[in-house]
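The next block holds one structure in the form of structure tokens; read it before the comments.
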Amino acid sequence: MASEPVATTTYTAAEMMIIAASRSLRNDDICFVGIGAPSAACNLARLTHAPDITLIYESGTIGTKPDILPLSIGDPELCETAITTVSVPEMFQYWLQGGRISVGFLGGAQIDRFSNINSTVIGDYAHPTVRLPGAGGAPEIASCCQQIYVIMRQNRRSFVPQVDFITSFGHGTGGDARQRLGLRTAGPSLIVTDLCLMRPDSESKELIVVAIHPGVTREQIMEATGWPIRFADHVEQTPPPTDGELTILRELQTRTAQAHSDEKRDHS
Amino acid sequence: MTAFLSLPEAIAQYVHDGDTVALEGFTHLISFAAGHEIIRQKKSNLTLVRMTPDLIYDQLIGMGCARKLIFSWGGNPGVGSLHQLRDAVEHSWPRPLELEEHSHAAMAHAYAAGAAGLPCAIFRGYAGSDLVGKHSNIRFIECPFTGERLAAVPAIRPDVGIIHAQRADRKGNILIEGIVGVQKEVVLAATLAVVTVEEITDELHAPSPNAVVLPYWTVSAVVLAPEGARPSYAHGYYGRDNAFYTAWDTIARDRESFLSWMREHVLGDRK
Amino acid sequence: MTAFLSLPEAIAQYVHDGDTVALEGFTHLISFAAGHEIIRQKKSNLTLVRMTPDLIYDQLIGMGCARKLIFSWGGNPGVGSLHQLRDAVEHSWPRPLELEEHSHAAMAHAYAAGAAGLPCAIFRGYAGSDLVGKHSNIRFIECPFTGERLAAVPAIRPDVGIIHAQRADRKGNILIEGIVGVQKEVVLAATLAVVTVEEITDELHAPSPNAVVLPYWTVSAVVLAPEGARPSYAHGYYGRDNAFYTAWDTIARDRESFLSWMREHVLGDRK
Amino acid sequence: MASEPVATTTYTAAEMMIIAASRSLRNDDICFVGIGAPSAACNLARLTHAPDITLIYESGTIGTKPDILPLSIGDPELCETAITTVSVPEMFQYWLQGGRISVGFLGGAQIDRFSNINSTVIGDYAHPTVRLPGAGGAPEIASCCQQIYVIMRQNRRSFVPQVDFITSFGHGTGGDARQRLGLRTAGPSLIVTDLCLMRPDSESKELIVVAIHPGVTREQIMEATGWPIRFADHVEQTPPPTDGELTILRELQTRTAQAHSDEKRDHS
């Protein structure tokens, strides 16, 4: 199955990001999975240290084990390998809102220092510079899952002092903003980027760098963040990808690329 | 009770200019054939409802059929933007497009409320989101028992609901399998419902007593439309054409290449 | 995550005096074996929740396990009264029984709200009915869009939900088929859930991708209890013992014959 | 299949009641069916003049065609012969409340002159003389179906001036009581008894006898009604049961009785 030999020292920042995210997941997690990097991270976790992890996609597929990464949130593999597929109203009513999900994975176009996320517009809502796809499941994923992990590439366009539009409420203006809104869930508790890991400060809820990926400097992180980013008292270094993690991730991505380029692949 | 019609007949008979139309299918069983027929028949001023507009709504919008879009996620899944949708919103081309924007949870609840004959749905939603206040269809109530603030959205009740399904029997009973999305809800919520199917068989052959089946008396018209969901897919019949979804990004990015593709692949199909 | 226990272990571990317990099964898959074990373990002061109390609640009430009943139809289906339930209500025997009475629609919505993590459900119900005002759990709200008056009931959230199902796989995933009632809802709404099953198999063998399946992590304990629904039935396994339902009318009509039957058929089963 | 020869002139009042009720149903009706006489009437209609009628039982079985009458609302036959079986929440949400049902069939312990129905208690609610089974689906069947047919044996205990308890709202205190409650459905439009057929007066909504079964006198009806019952200007005579109707009904009931007396009948 191995597509190419893997040299331990060679990996991309994107690979480090996905691998770091995958490590945050536990074998008994019930994950609400988004398309793209979250899906890669969740399936990598399933194929490495968390074989029993439950992956749920908002299309209604519960306990799915796709052999390739889906392009859409409802690719055939998801249903074919799920233990059950429910309707979309049931998914949002009983499973997400019902409080069944331990970890929701979100991405977005912008995130701010209190982990509020924008996936709606860049610029003014009525006259946007860029019209993004919009909310999808994100606002209620952000409020209903026990905790939220965010996975995003880090730069000054994406990590901004204040998002142009709060699609998904993180920690608002910080502190007990979630409790004041009546939310009982933890909200964003981990941000995984291609440079580092951040967690909200336990009191202020402002994001703090808690681990830095190998080869990345504090200066790079500060430069890639739109506000004066703080570092934890004891910042760890993210362990580099293992051969096993890299091999399994690359095989998964190779299988995926091949499958998605085959036109009209037949699943009947 | 159920009419068996050709696709042109069904669209001519059931979709009218100015209607609120929902073509559903949550990344599965998307009604491409029906959407293309709407484009060919040059329906206009439609209010289009759909959780995930997808390529078919990009095409309807780019061809000028829509005046308003009620939606919750308007991208090309896993690929990026819907460029015709963006062009309409950002540059009013080919015409302005009014947006009523929701979250998936809101629309899923609103479809369920429509199917359930309720005027609205309540749910735990929109907490702290700037989507609140962007239009008048997100409101809040207090739980009469706990006092908790709950979001409310009006039920979705389209004039016409259109879905694609695996098959119908000769009476018009419909079987839907796999990712069933809001297929049942949109048919039950809509005043009229058109269902295109992969095949019409003597017996429905539902695999279980609890299979997702719509009785014939919930459906206005059944249309035989094999491969009517391509490049989306039909579980048990054919797979999703992910390569086309990726290719669409290039086709739709440019007005001329979009129109040229539509002329060749949709408008040229008949007449 | 899921414990595989014997029936006595599961009831001892999960059902406690004073708990709110819902044994569900809408005229199908009724948890008789579990109910009998509750009686044998002499659980008391239970608040029993069930849409259709049926014979098993007649037995639990007649044996003095219950202090309150939340229900919507308390008869012997197609036969007549539940005499032990009547005796408790009409003559406080063997002890008084508080009633919280609803309609089916209200309880179905309330279970769904419990599963959906909502504090309450709204529906079009109770119009003009004298059930309104008999307890504080029927209230009304106004639709924030139309002003229509809608009934509201609090979500049902039992301490323990107990159902019978066709089978489990070795991880504890559960398959339910046929008349599925509120089986899924009660498991998802309850803090703890016990599922008795006809058999435990290596693979679940769900007949369709949309079969009614409860993932193992929604279930606290799985108990192998073949024929655990008799005299109710298990679709695909055995039929309903309608003759026994008819015979129960005579058995339960008299306190002595009821107790004698219970001693012989339930209490005598073990120890 | 015929169990015994049928003499045209010999039939019971109960048979006349079920047959008269069955005739009120149309081939394109979507019926919400209760156990007992309603179930017998609906299935008789299906086996005679209305082969395509859709029968729905609140257990979730849609389009069912049982060969024997169910004892309970959820007997195995109902699911085995249905075109689909949905959950009970879906039944009450999408199918009943969704307004999909053309005719709901109700019975009860008491009915009054404005077709309000009691199936809860005889006597005071807190200290009842007789505790009846209760509401079940009836309150919302009464409000959500396009119209309601009631089938009940007629006597002074059941046809009362005012019910002890309104379980299911009929026409309240008459007139536009339903509209004043915001109800958009017709409510009870036909009462079938073992003596006659009644319909609400179009204005006052008070029940009026519109047809009398063969051999029944006006005096009998007046005696069996707890209020001064009115008769329509032109009262029809109910046509007697035909040989066909009687034969099919009796065969159905014979099959049913046999099946229900077989202990532990196996449906696996």
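Letters A, B, C and D mark the chains in the order given here, with residues in each chain numbered from 1 onward.
Note that in this section contacts are C-beta pairs under 8 Å (C-beta built on N, C-alpha and C of every residue); 3 or more make two chains touch, one makes a residue touch a chain.
Keep in mind it's a predicted model, so treat the numbers as computed, not measured.
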What is the set of chains touching both subunit A and subunit B?
C
Need the graph distance between subunit A and subunit C over the touch network, please.
1
Decide which interface, B-D or C-D, involves more C-beta pairs in contact, and give its chain pair.
C-D
Distance-wise, how many Å sit between the C-alpha centres of subunit B and subunit D, to the nearest whole number?
40
Centre-to-centre distance between subunit D and subunit A (centres being mean Cα positions), rounded to whole Å:
57
Could you state the distance in Å from the CA-based centre of subunit C to that of subunit D?
28
Multi-chain contact sites of subunit A, meaning residues that touch two or more partners:
79-80, 85-86, 93, 97, 144
Subunit B touches at least 2 other chains through residues 112, 116-118, 123-124, 148, 178, 180, 184-185, 209-212, 235
For the protein chains shown, what form does their contact graph take: line, ring, star, complete or other?
other
So which chains actually touch one another? I want all the pairs, not just one.
A-B, A-C, B-C, B-D, C-D
Per the touch rule, the subunit D residues reaching subunit C in their complex are 35-36, 58-61, 70-76, 78-80, 85-89, 91-93, 96-97, 116, 120, 125, 128-140, 143-144, 165-169, 172, 177, 181-183, 259-268
Parts of subunit C lying in touch with subunit D, wherever the complex brings them together
26-28, 51-52, 71-75, 77-79, 81-82, 85-86, 89-90, 101-105, 108-109, 111-112, 123-131, 134, 148-149, 178-182, 184-185, 212, 230-231, 233, 235-246
Spell out the residues on subunit A that touch subunit C in their complex, using ranges where they run on.
28, 30, 54, 62-63, 79-80, 82-86, 93-94, 97-100, 144
Considering only the defined contacts, which subunit B positions touch subunit C in the complex?
116-120, 122-124, 137, 139-141, 143-146, 148, 150, 152, 154, 177-178, 180, 207-212, 235
Subunit B residues within the subunit D interface of the complex:
1, 112, 115-118, 173, 184-185, 188, 204, 206, 209-213, 215, 217-218
